[in-house]
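Paired with chain B in one complex and with chain C in the other, chain A is shared by the two complexes that follow.
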Partner chain A sequence: MDQVLFEKLLIFVVTPNNTNCALEFYVSELVDKCIGSRIHIVMKNDKEIVGTLLGFDDFVNMVLEDVTEFEITPEGRRITKLDQILLNGNNITMLIPGGEGPEV
Partner chain B sequence: APFRSQEKKKKESIFDLSKYIDKPIRVKFQGGREASGVLKGFDPLLNLVLDGTIEYMRDPDDQYKLTEDTRQLGLVVCRGTAVVLICPQDGMEAIPNPFIQQQDG
Partner chain C sequence: MSSDLNHFQQTTNTVEEPLDLIRLSLDERIYVKMRNDRELRGRLHAYDQHLNMILGDVEETVTTVEIDEETYEEIYKSTKRNIPMLFVRGDGVVLVAPPLRVG
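Coming up: the complex of A and B.
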């Protein structure tokens, strides 16, 4: 990993609605900074997942723990799962660091 | 001369997104989601980082119709595999349907 690249990155504080981002960085570095924090994943369909990010791979398959699954359309139904899940990266649309999930 | 194959070139983008850095853009995704935000970063796979992101919510009855509803998402990473369209925020506007034909009796 390029040390200089790391030093170019500003600290991305894992809170919603932050400002002042670095001009140059790589997207995978940003996701890497989220490891250990809560993250909110929005799928292509109406499903959203909130959990603690343990890791991810080149395809952005993700391992999460302490996971809550949300279905948005049917009145915001919630399914809570503990332990760990492997989330298939095929259907991931957006990743929101520090996100709490949709309002229910 | 035949088409130049990929052997001499590395992976080159056909479009340079750096001109949109720090500008507001609109992004459409596979599955019908739409969002806009300020482009903060990107990579050759078209993964994007948007700040101050708003998602435009669709009509629950008609998945292809946008509503007035939006939600704030803040700093977001958009997966390049899901991105279908990127355009500048001021590069599009809603217009009345030009395809409706008037029935003349």
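Coming up: the complex of A and C.
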């Protein structure tokens, strides 16, 4: 994972905390720090997407560039797309900032 | 930096509702069971009412079952990977607990 990005995120996350802060703002701000970096998105089915984050909205729908799509079950097959995609946030399970995807 | 963190909700030290139990685990290591046979063990940095969470220093375990064609026995396999920081979407979370201790 990109070390600089990781440290930025860690400082951001660890700083204010012994209250249940309104995490909606945390989430937007955390994802905002990832704009411009690579992000690895794990979907609900056996699919993972890696791309450069261009932007997102309140529902965490995401616009990505230079995207690689991985199917996990059949020996990690890859489908590479470029230009830009709009990813529907409904099926996202996890976001991994700076990740490069499953090892294949 | 654009962080305007005046969005704090009320703080109380007593446990009044289920989410308060999770509050007790803030900054501690926890175990999260998710849909699709995934488990996470990591440090809880933040959470919200949807159970969206930010976890650090995470180990993810994915469990699969393969059926042997001849013997029809079930073979359970688990794959682990380590992730330094991640965001979990709350609708995939099934349970949250302190990490399981053996013995």
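By definition in this document, the second predicted complex is superposed on the first by the 79 of 104 C-alpha atoms of A that agree within 3 Å, B and C clash if a C-alpha of one lies under 4 Å from a C-alpha of the other, contacts with A are read in each partner's own complex, and residues count from 1 in each chain.
The working rule: contacts are C-beta pairs under 8 Å (C-beta built on N, C-alpha and C of every residue); 3 or more make two chains touch, one makes a residue touch a chain.
Keep in mind that this is a model prediction, so the values were computed, not measured.
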For A:V60, select first, second, both or neither according to whether it touches chain B, chain C, the two together, or no partner. both
Who does A:S28 touch here: chain B (first), chain C (second), both, or neither? first
Which superposed partner A:D83 touches (first chain B, second chain C, both, neither): neither
Go through the superposed model and pick first if A:G99 touches only chain B, second if only chain C, both, or neither. both
Please work out whether A:E75 is in contact with chain B alone, chain C alone, both, or neither, and reply first, second, both or neither. neither
First, second, both or neither for A:K44, with chain B first and chain C second: both
List the residues of chain A that touch chain B in one complex and chain C in the other. 12, 16-19, 21-27, 30-31, 44-45, 60, 92-97, 99, 102
Considering the complex alone, what residue numbers of chain C touch chain A? 2-5, 7-9, 11, 19, 23, 26-27, 34-36, 38, 45-48, 52, 54, 56, 81, 83-89, 92
Contacts from chain A onto chain B in the complex sit at residues 12, 16-19, 21-28, 30-31, 42-45, 60, 73, 89-99, 102-103
Contact footprint of chain A on chain B as seen in their complex: 21-22, 29-31, 33, 35, 40-43, 47-49, 51-53, 55, 60, 71-79, 81-82
Name, in rising order, each residue of chain A that touches chain C in their complex. 1, 6, 9-10, 12-14, 16-27, 29-31, 44-46, 60, 92-97, 99, 102
